[in-house]
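The following pair of complexes shares a single chain, chain A, combined with chain B in the former and chain C in the latter.
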Partner chain A sequence: MRSPFRPGVVPDAAVLDDHRPLIRSLERRSLIRGGFSLGALVMLTGCDVRRPEAVESALLAISRFNDTVQAWLFDPNKLAPTYPASMILRPPKFNAYYDVTQVKPVNGNSWRLEVSGLVSDKRSWTLSDLQALPQTSIVIKHICVEGWSYIGGWTGVPLRVFLERVGADLRAKYVAFKTADDYPSSIDMASALHPQTLLALQYGGETLADPFGFPMRLRMAVKLGYKNPKWVTAIEVTNSYTGGYWESLGFPWFAGI
Partner chain B sequence: MHWINAAVMLVMITSGWGIYDDDVIIRGFHFSPFWRLGDWAAWSLNWHFAGMWFLAVNGLIYLVYGFASGRFREKLLPIRPAELVQTVIDTLHFKIAHEDITVYNAVQKLLYIVVIFAGISQVVTGIAIWKPVQFSGLVSLLGGFQTARVLHFAGMAVIVGFLIVHLALALLVPKTLWAMIAGGPRLRPRDRAKQGHAA
Partner chain C sequence: MVRGDLSDMRPLSLAFACSLLAVAAHAQSATPGGMPPPPGMSLAQSAAMRFPQPVRVGSLIGRDVLRPVESQDVLGRVRRVIRDQNGQIMVVVDFGGFLGFGSRPIAVPVDAMVLLGRDMEIVALTPDQLRQFPTFSPAGATDVPDDTMIKVGLAKPSH
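Here is the complex of A and B:
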């Protein structure tokens, strides 16, 4: 019986002759090889089957919309609840994108804080420079995006005081941070100026311990835990969005609480 | 409205399980990755924070419609304890009366009221754990951040429990399925009046 797949009109034999070298080069082996590289190409796009690109970009668009809503919900005069010093957890809970055993302590004597961007005074700061600024103490709850929380007591320079001291443009959009553990972060100016946002130097009345960001870390009551970079080495006042470590992996940027 | 809610509820529940798994409330109790929406916590969170808008807006329209049209009062009230006991006894004897699917029995009424309240409670506790500083008054009313978080988890458990019963009974009485997809039978005004009277 004639195969139903055979075309009614066959091409001229000369056509087949023209393409004979090409047909000869068709090998099962090269097909398999090609199949593999196609698979590799799919993997190169970093696309997870469970997270198609279209879905991912739609979710990120909504997340950016949520950032706007969160900024609108943020009341710069609303203070987070504070607690008595007796409730401070000692030591605080360690959390980072690596284990506590991998913490690389920073030398407080050679440590410098670089200041850049929209500021009038770009000189770098030593630890004793920071200690000479007015200090504030707060006992606040640390809330992690994962769901756990603890009460901690922090002492340090209000970021607002520091920004005013370096002559920062307080109308700029962002304050960005760089750290010794390669954990970039950035926050909106309104949250940076909140009275419970500190460049923390002490925990529970004592100098910060190594795993918790000695000599200086950001500690803010109005954002989730991951917006609190430790071992801060540079502060930049800027109008360009710089994101952050977890933000680049998909977590929301504003993360206000 | 029902099917938007069904889809969004599934998104909220399964993405919530993904978020839960990062820091469990009940030690040793995890949800397997198969049941979690989002391949890890960041994406579960993004699903959850996207779904919340659809849930809130759709839920609000549903509540406004339910109250304004009198549908809630007509369909869900009153619930008489004797009727409730009788329905439970009947159901246990596999006597599930559903000649008229436009009239809810006492157990249905109670379950629908419970799940509507659970839905509202999820939004309230959700706001509390989303913005515990901006809404610190609400958080202390709920007994603190961790309590609000457990309440949010418990609300999910109530809704999931409802869903299991709801699905099982809908499958037992197949003619409700068509009503759910296409909208229920139209009631003529006279029937509506009669039914309102009988209730």
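Here is the complex of A and C:
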């Protein structure tokens, strides 16, 4: 018998096919994918799933809404858990949007860190300039959106110290990063000023190895792994949203833990 | 009438949609990890391309050994690290079996393997090739002491 709850007119099932790449990019478990039924899509879009751009814009609007909620929930004074140095995984786990064989090591002698945007001192920095700033060590968990994690020990300059040193406008919205491997990233100012956000120069008490971002990478305890760009070459303080590599492919921007 | 933007959504459907998106993310790979070495390249050459990193031998014992595919099947577990008669460092892996029963030790060249966080992976040999390996015999092999540092290549996760 036909279900009394079945609507008289149903959308074309081909709508799901139209959005297959988008849905796949958002999946985490096949269970969740199963949850992405035609019915859920209908609810997402106010019952007009025939227009593909409507679905995509609705999904992105919800992602932005989630970002706003996460930013509102973020407590700038709350510290992430730390661990004893004996738990540091040596070497750490490698990950990037390409395999390790494609890593292009950066020459630490010619490397410069460019600083731009809402700062009073735009001079670029050498590695020894950064090494001369106050250093902090933390042992924190790296948590990847893919579901794995490991405990790592990082030493470097707190980003807050660096931003104060270059006279950054700490009321600006964003701190944006560029890297040698073309992996742009950006974070909110509150997370940038968090005490467990470092411009990391060392891992496990030794100079960062090439695959892990030598000479300098961002390492923060309050965001997922993909918000930690390696081989950083430029920092910009800005009020303009610049997004990031995975964010442009639909990943959440705030990505807090 | 323009439909489909956030303002059209009733609170209930918004909440439901949020719950879907809250867990919906997957860092998919633009290029896969743990690819086998190109044809004709020696194991040592291919390992050198994977940025070998120092690792303490004792920390390798007991690690899961995975297959470099999306499902990351567990092929076995590291039992010991030895130097064979030729001085080559080999990782003795308890290979195969089911739920810990029926596995047998085989010696895999360390250059055929990579570190993957807390796990290891065999990137240069297929399971079919590994099944042809003879069962490891300790004759002529010497254990590498636990506090020795050896270098092992890396790979990104295969999922």
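We take it that the second predicted complex is superposed on the first by the 206 of 257 C-alpha atoms of A that agree within 3 Å, B and C clash if a C-alpha of one lies under 4 Å from a C-alpha of the other, contacts with A are read in each partner's own complex, and residues count from 1 in each chain.
The criterion applied here is as follows: contacts are C-beta pairs under 8 Å (C-beta built on N, C-alpha and C of every residue); 3 or more make two chains touch, one makes a residue touch a chain.
Please read these numbers as outputs of a predicted model, since none were measured by experiment.
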*Is A:62 contacted by the first partner chain B, the second partner chain C, both or neither?*
both
*Look at A:144 in the shared chain and tell me whether it touches chain B only, chain C only, both, or neither; answer first, second, both or neither.*
both
*Between chain B and chain C, point out the one touching more chain A residues.*
C
_Partner chain in contact with A:251 - chain B first, chain C second, else both or neither_ = both
_Looking at A:122 after the superposition, I want to know if it touches chain B, chain C, both of them or none. Which is it: first, second, both, neither?_
neither
*After lining up the shared chain so the two structures overlap, which partner does A:74 touch, if you call chain B first and chain C second: first, second, both or neither?*
first
*Is A:100 touching the first partner chain B, the second partner chain C, both, or neither of them?*
second
_By the touch definition at the top of the document, which applies to A:222: first (chain B), second (chain C), both, or neither?_
first
*Name the contact category of A:51: first (chain B only), second (chain C only), both, or neither.*
both
_Using the superposition on chain A as set up above, list the residues of chain A that contact both chain B and chain C._
48, 51, 58-59, 62-63, 66, 144-146, 148, 246, 251-252
*Would you tell me which residues of chain B are touching chain A in their complex?*
19-20, 22-23, 25, 38-39, 41-43, 45-47, 49-50, 53, 130-134, 136, 140, 145-146, 149
_Which residues of chain A touch chain B once you look at their complex with the stated criterion?_
48, 50-51, 56, 58-60, 62-63, 66, 73-75, 78, 80-81, 141, 143-149, 221-222, 246, 249-252, 256-257
*Which residues, counting only chain C, touch chain A once they are in their complex?*
3-6, 8-9, 13-14, 16-18, 20-35, 49-51, 53-56, 59, 115-118, 153-157, 159
*Using the touch rule from the top, collect the residues of chain A that touch chain C in their complex.*
24-29, 32, 35-36, 40, 43-48, 51, 54-55, 57-59, 61-63, 65-66, 89-103, 144-146, 148, 150, 209-211, 225-226, 246, 251-252
